[in-house]
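In the two assemblies presented below, chain A is common to both, partnered first by chain B and then by chain C.
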Partner chain A sequence: MIPIRINRLNGAPLAFALFVAMYIAYALHMPSALSLFSITNLFNNTVVLALAAVGLTFVILIKEMDLSPVGVIAVTNVLVATQSGSTPYGALLCFLLCCLIGLGIGLINGVLVAYLRLQSLACTLSTMIICQGVALIILPAPGGEVAEFISYQLTDLIGGVFPVSAAILVLVAALWLFLRRTSFGIGLYAVGTDEVAAHYSGIKVNRIRLGAFALAGIFYGLAGYMLSAQIGSGDPRVSSSFLLYVFAAVAIGGTSLSGGRGGIIGSLAGAGILTIMQKMLFSLGVSDFYTNIFNGVIMVLAILLGNSTALLNKWREHRENFASSSYLRGREKQAGSKQAEATQ
Partner chain B sequence: MKATPAKQRIAAPPAVFTREITAATIVLAAAVALILIMKLIFPSFGSLAQIAAILVTSIFLVVASCGQGLTILLGGIDLSIGVVMSIAGMMIAGLTNGSNDNLPWAVPLVLACCTGIGVLNGVGIALLKIPPLLMTLAMGTTFFGVALGATSGSLQQRVAPALQEVMSSHLAGIPVPVILMAAFVVVVIVGQQRTAMGRKLYALGSNQTAARIAGLPIVGLTIGAYAISALCAAISGLLLAGYSASATLDMGDPYLMPTIAAVVIGGARVTGGRGIYWGTFAGAIFLSTVSTIITALSLSQGWRNIIQGGIIISALIITFIQSKLSSSGN
Partner chain C sequence: MFICGSDNAPENQNRDGDDESWLAMNAAPSIKIEHLSKRYGATVALDDVSFSLQPGEVCGLLGENGAGKSTLVKVLSGVVKPDQGVVWLGDSPYVVKDCQTAKAHGVATAYQELSLIPTLSVAINLFLPNPETNAWGMISSRRVEQMAAEVLNEFGVGDISPSALVEDLSLGLRQRVEIVRAMLSKPRLLLLDEPTAALSDREWLFNLIDQFVLGGASIIYISHKLDEVQRVCQHCVILRNGRKALEARVKDLSSNQVFSSMAGRSVVEFFPEKATSVRKAEQDVLRLDHLSCEGLQDVSFSIKPGEILGIAALEGQGQSSLFKALVGLMPLKDGQIIINGRPRTISSPRSARQAGLVLVPEERKTEGIFPDLTTRANISLPEIDKLSAAWLVQMNKEKEWVQEKAVKVDLGSEYIPLPITSLSGGNQQKALLARSLLTDPMCLLLFDPTRGVDVITKQTIYKIIREFVQGGKAVLFYSTELDELVHLCDRCLVLYQNAVVAEVPRGQLSQQKLLSLATGQLSNRTQDGQVAENKV
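Take a look at the complex of A and B:
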């Protein structure tokens, strides 16, 4: 009973409800938000953050930290901006290259964390710094040009009705729903909850760790590819506030930063919430200075919200256990007194 | 009567530090070796003035990474150091505006404001249980926004001349910043290794549950560590503003990652509970030397990043191999 209840109570539905509520508020303020154009726009703005947040979720689920998304995105972005040809073939090549680079960096992080047992925070910090350095060497200043094929096709609609970005997000969600049922998916939660217990139940803990970092890297690479499609050029300096966004999206989506709880779907909703919030702030004419302040405060609130749902769950569980045990005790007492009556 | 021997035991240097002192000294020796190698390749490099310059410019990192070391000792991290440094510089430039008149109250005010940011960090981490990484990142972003709004991002110039003088004058042939740095190092080492507060921080960093059972004021200690971290960053920011005679909103940013690198190179365990300031100091000197060499070789910012990241990873791996060797030796 209790595990099901906890599943139902986790942050994803809450995040989705919040997202829908915010979208309705935004649409009321700006009726044009319901047009296909602005919906496509919203998805296009969300997809980069969403992909990065999805990647980070894998790592957070196993109770590790990853600062490398910013680095991987910077490298893949400048690579696409300098290397993409004008043909669909070049676009495909770039796509594969982004995935490979992400996978490579993810594997490096994974090996350092899983097999050398180095602290993930420090390792991914250094891979991030190195990646940013590589990006600066490839493209010292913002510039370059992304092939038109990439920047048009990936921000467009499929058959004129369905945004490509939305299709990508649906695909990711479907992949997760499948992955969650596999032994890898179950292993993620097991390792994040209690690695010793996971080890004793026969889960290859290190392999799960390596897998989580590798998968995360691929998603960062994809995020970099989509970012290139969005901005149409290269920028070696992805700001550290983007990192804050990625963490915020994961936290708002109800994934516990202490591991073992949450999931991809929530992170997708979290990314949507953050994007729509930016749009609301922009449409209200809030200046750039204050969006920084807002982001910091939202981040803290999001984690507090996540902490409080965890506490609430614990409290409910506790109360339920208590209630059921006192109920049983009551029954015993009743039975006992009846017996006593009967003997009298 | 019986309390006296116990006190003496606390005051005695714990044996575990000797290995760390050796490691830190090796790092310092590596810095000297780097300079010697450079001198062999480029005979013009490594003049006395250049070495003095390395020491003077390393004071920013030496001071700022002290605070980072304390937060890492608790198993946390402080990512707001860069922003706090910039804010301190911007504030002192804005408040003094090129004259010494306001300096007596401006310096304490700046230090107090910046310490306030650290207290906020500590409250969020100790009371609200927000992960240190995110709390300090969020506070950094927030206060960057505040500073940006307050100054419109413009360059604040004309730092008080007295502050500039401190950074450029000499006392008996030794640059004043070097003397200040030496004093700072002594104060921190004594404070961290020989006082009750310092020992409590180690206790808290190595085992939080045990620390709670032992009745240590966990909340107070955590807030204190982050407050000191912000205070160190603020002092470093003031010195940096004095050194460069002006202040910008992003002048502290290049120092954030090196503070972490200095602590890691110094042999501290990133999960907390281990690490001495002598090591962090050695790490900071080493990084400043590397930085000067990179500048001398006129390598680009990209290479600077790659070398910095490579140094952190190598330090981590060396620590790993050391712990493997020592555990197999036992």
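Take a look at the complex of A and C:
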């Protein structure tokens, strides 16, 4: 049936198409956008948002909310800014520390939501506020210094041709393509779609929930690590509006906020779209003040586009039903209107 | 008549019978339910139910809505814990924490509400929770789909594509996948909860059941269609109000016996005198002309002033769609609603109210009351605009209006200022009736208004309905309790499989008759019977 195929167009492919279209438009306006430097720059600007959005996607997929990304990012950022030595060893240690902190906070969120049955929005709001407080204790004012090793190596190119940030994103995508096909990945969709049916089907719903939050935490930790590499210093007050961008990236990427639909790849594209939007507006000389307006409009458009196929299908279905029912009435209502099953 | 006794109780031999070959124990019952009880708050869902099943036996479980069938399924499949009672599986007690352990013990369920995940493929759904994975823990969709295709072929539903998403399948096909999945795990006890609700080809299931029990497994088959029970079951248990009303071999049972055991109410209630007030000569208050919408096919009827028109139907036969369509909660595919001779477009409960139709909804807690408001505010809410001047609610006027309606429904004035949640269910229902009377509707749509209501309040509700129609108004009345329909209605329509299968005039109303029509038994004897038969 045709409508089914159209349905599949939702989400990731659409977001990617939009991203490519925007990139082409940008390149037409600014030919220098195709240089290696620009591309590296684009990836560097995207990677933090992308990692955070990837983390959030796991949580959104299971139909929960998570406000803790900015908290985790703040803590890990100030930690890297104060603790990273100047050796590769220190960089590695910081990396592990970031992952562990993210994992820890994710596990706390997960236990609160899965086993204590608290509302995810409320308890991740609390963990976010706690984390921001902890960040202020570690580093009361913006400052500190991130080891040069981190800030140079992670924003550079591999072998002079491939941006490190891009490599990270490719790794993340590969990890997702793997995860998606494991029992855990299927569990994410099952729990997000219908928690009761998932439970009846024998899926360990709470474990999936815990896993999703834990994994999300790790990705927020990684995002904090990459942010430190980008800005080279610590800032305990990662702006709260960043959180909204993370949600925007997920939504633009076609992951349904009501759970069970979407995926990581779309969120990566969503993060790309938001970044390139900023660059386009900047290159056009649009004032910073207007950027948010455009971002909002883009988000609505992306969601509308994602839904348009569904709306189209609904409309078509309605029309078919209407046509068939009046046809039936014209023919004295043969008992044939239940043929739907037979035709499939 | 052969009544299954509770003798030869197996001793608990302290063995973990899980992996034992249960075929060897065909002398002992494969499952034995002893004194199972479960209550939810004040409602007794199961009350001391005991019966047993032999290996290879299919046991029909019959009962009206709310008789306790679903609770029994939930207990056996590990969804809810019983308050009392033991279930023996083979010779070991069967204690389940959750659905996973139930499956591990060899109890699988095809749920009425289906437990498939819509956004996953048929193949993955079949093998949940743990589809086969390769060495890296990845699921090869090709491999899984291949296995699924074999399974689907084996079960005679090879036309379902294993890669299709469940949400793209029709309800009937989903039901088949659900059944295949339950049978796939080769359980020793299979629970089929209304397995034919969405099936057009019942023979498919019956053949599967015949093959399935050859292996020695037992089936509990829940249905309220008697012909199905007669076709597949050897013995049957009838539940009523949570208690076992009858247990017998199917071939020894007559339809009448079944119906009277299912329908007989324990309390014979007092009904107001049946003085009809139908004004036949006048114009129809409400007329439906070939109404069709999702879950409802080509329904036509009309109600005269002063008439109480009853709707009798078992669960999920389209009555909910009918009531929703009448107040604009369900888009019409076809047909017309004509009120007082004028065709009306009803797009929302608000416009229905303006046209003179008011619904008292099914779910009092979620669709009826506003739990944070007082009883008075709950009653006056739909007309709050008329009670306001310059956007401020005129308290005195509101009090007056509410008081006037409260008297009509016998709601004590002491309850009116209280939060509605502090009222009993019966008083809440009276408040909702007062709300529905507020705008002087032409026709009240009452969806099971006496559910969860005490006996005294029931009497009051009957009285309200009678008084309402005596003023030349009309009532469309659905109830799960057939005796109410029999005693209260001037005429009764029977819905079966989303269509009207019969119209029973006042003189012929009886519980037995309604029940047999509602179970699809008598459909071919009525003039509309042909329609129903073709759809089965």
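Basically, the second predicted complex is superposed on the first by the 284 of 344 C-alpha atoms of A that agree within 3 Å, B and C clash if a C-alpha of one lies under 4 Å from a C-alpha of the other, contacts with A are read in each partner's own complex, and residues count from 1 in each chain.
By definition in this document, contacts are C-beta pairs under 8 Å (C-beta built on N, C-alpha and C of every residue); 3 or more make two chains touch, one makes a residue touch a chain.
This structure is a prediction, so every number in the text was calculated from the model and none was measured.
When the two structures are aligned on the shared chain, A:L284 is found in touch with neither chain B nor chain C.
By the document's definition of touching, of the two partners only chain C reaches A:D194; chain B does not. When the shared chain is aligned, chain B comes close enough to touch A:L243, but chain C does not.
In the superposition on chain A, A:V161 makes contact with neither chain B nor chain C.
Of the two partner chains placed around the shared chain by superposition, chain C is the only one that A:S183 touches, whereas chain B remains out of contact.
Applying the stated contact rule after C-alpha superposition, one finds that A:L118 touches chain B and leaves chain C untouched.
Of the two partner chains placed by superposition, A:L28 touches none, neither chain B nor chain C. Of the two partner chains placed by superposition, only chain C is touched by A:K204; chain B is not.
When the two complexes are superposed on chain A, none of the residues of chain A touches both chain B and chain C. Chain A makes touch with chain B in their complex at residues 65, 112, 116-119, 121-123, 125-130, 132-137, 140, 236, 240-241, 243-244, 247, 251, 257, 287-297, 299-300, 303-304, 307. Taken together, the chain A residues at the contact with chain C in this complex read 1, 4, 7, 178, 181-183, 186-187, 189-190, 192-194, 196-204, 260-261, 318, 321-322, 325-326, 329, 333, 335, 337-338, 340-342, 344. By the touch rule above, chain C contacts chain A in their complex via residues 77, 79, 98-100, 103, 109, 111, 114-120, 124-125, 128-131, 133, 136-141, 164-165, 168-173, 200, 290, 292, 297-298, 331, 333-334, 530-531, 534-535. Contact residues of chain B toward chain A in the complex are 77, 124, 128-131, 133-135, 137-146, 148-149, 257, 260, 264, 269-271, 300-310, 312-313, 316-317, 320.
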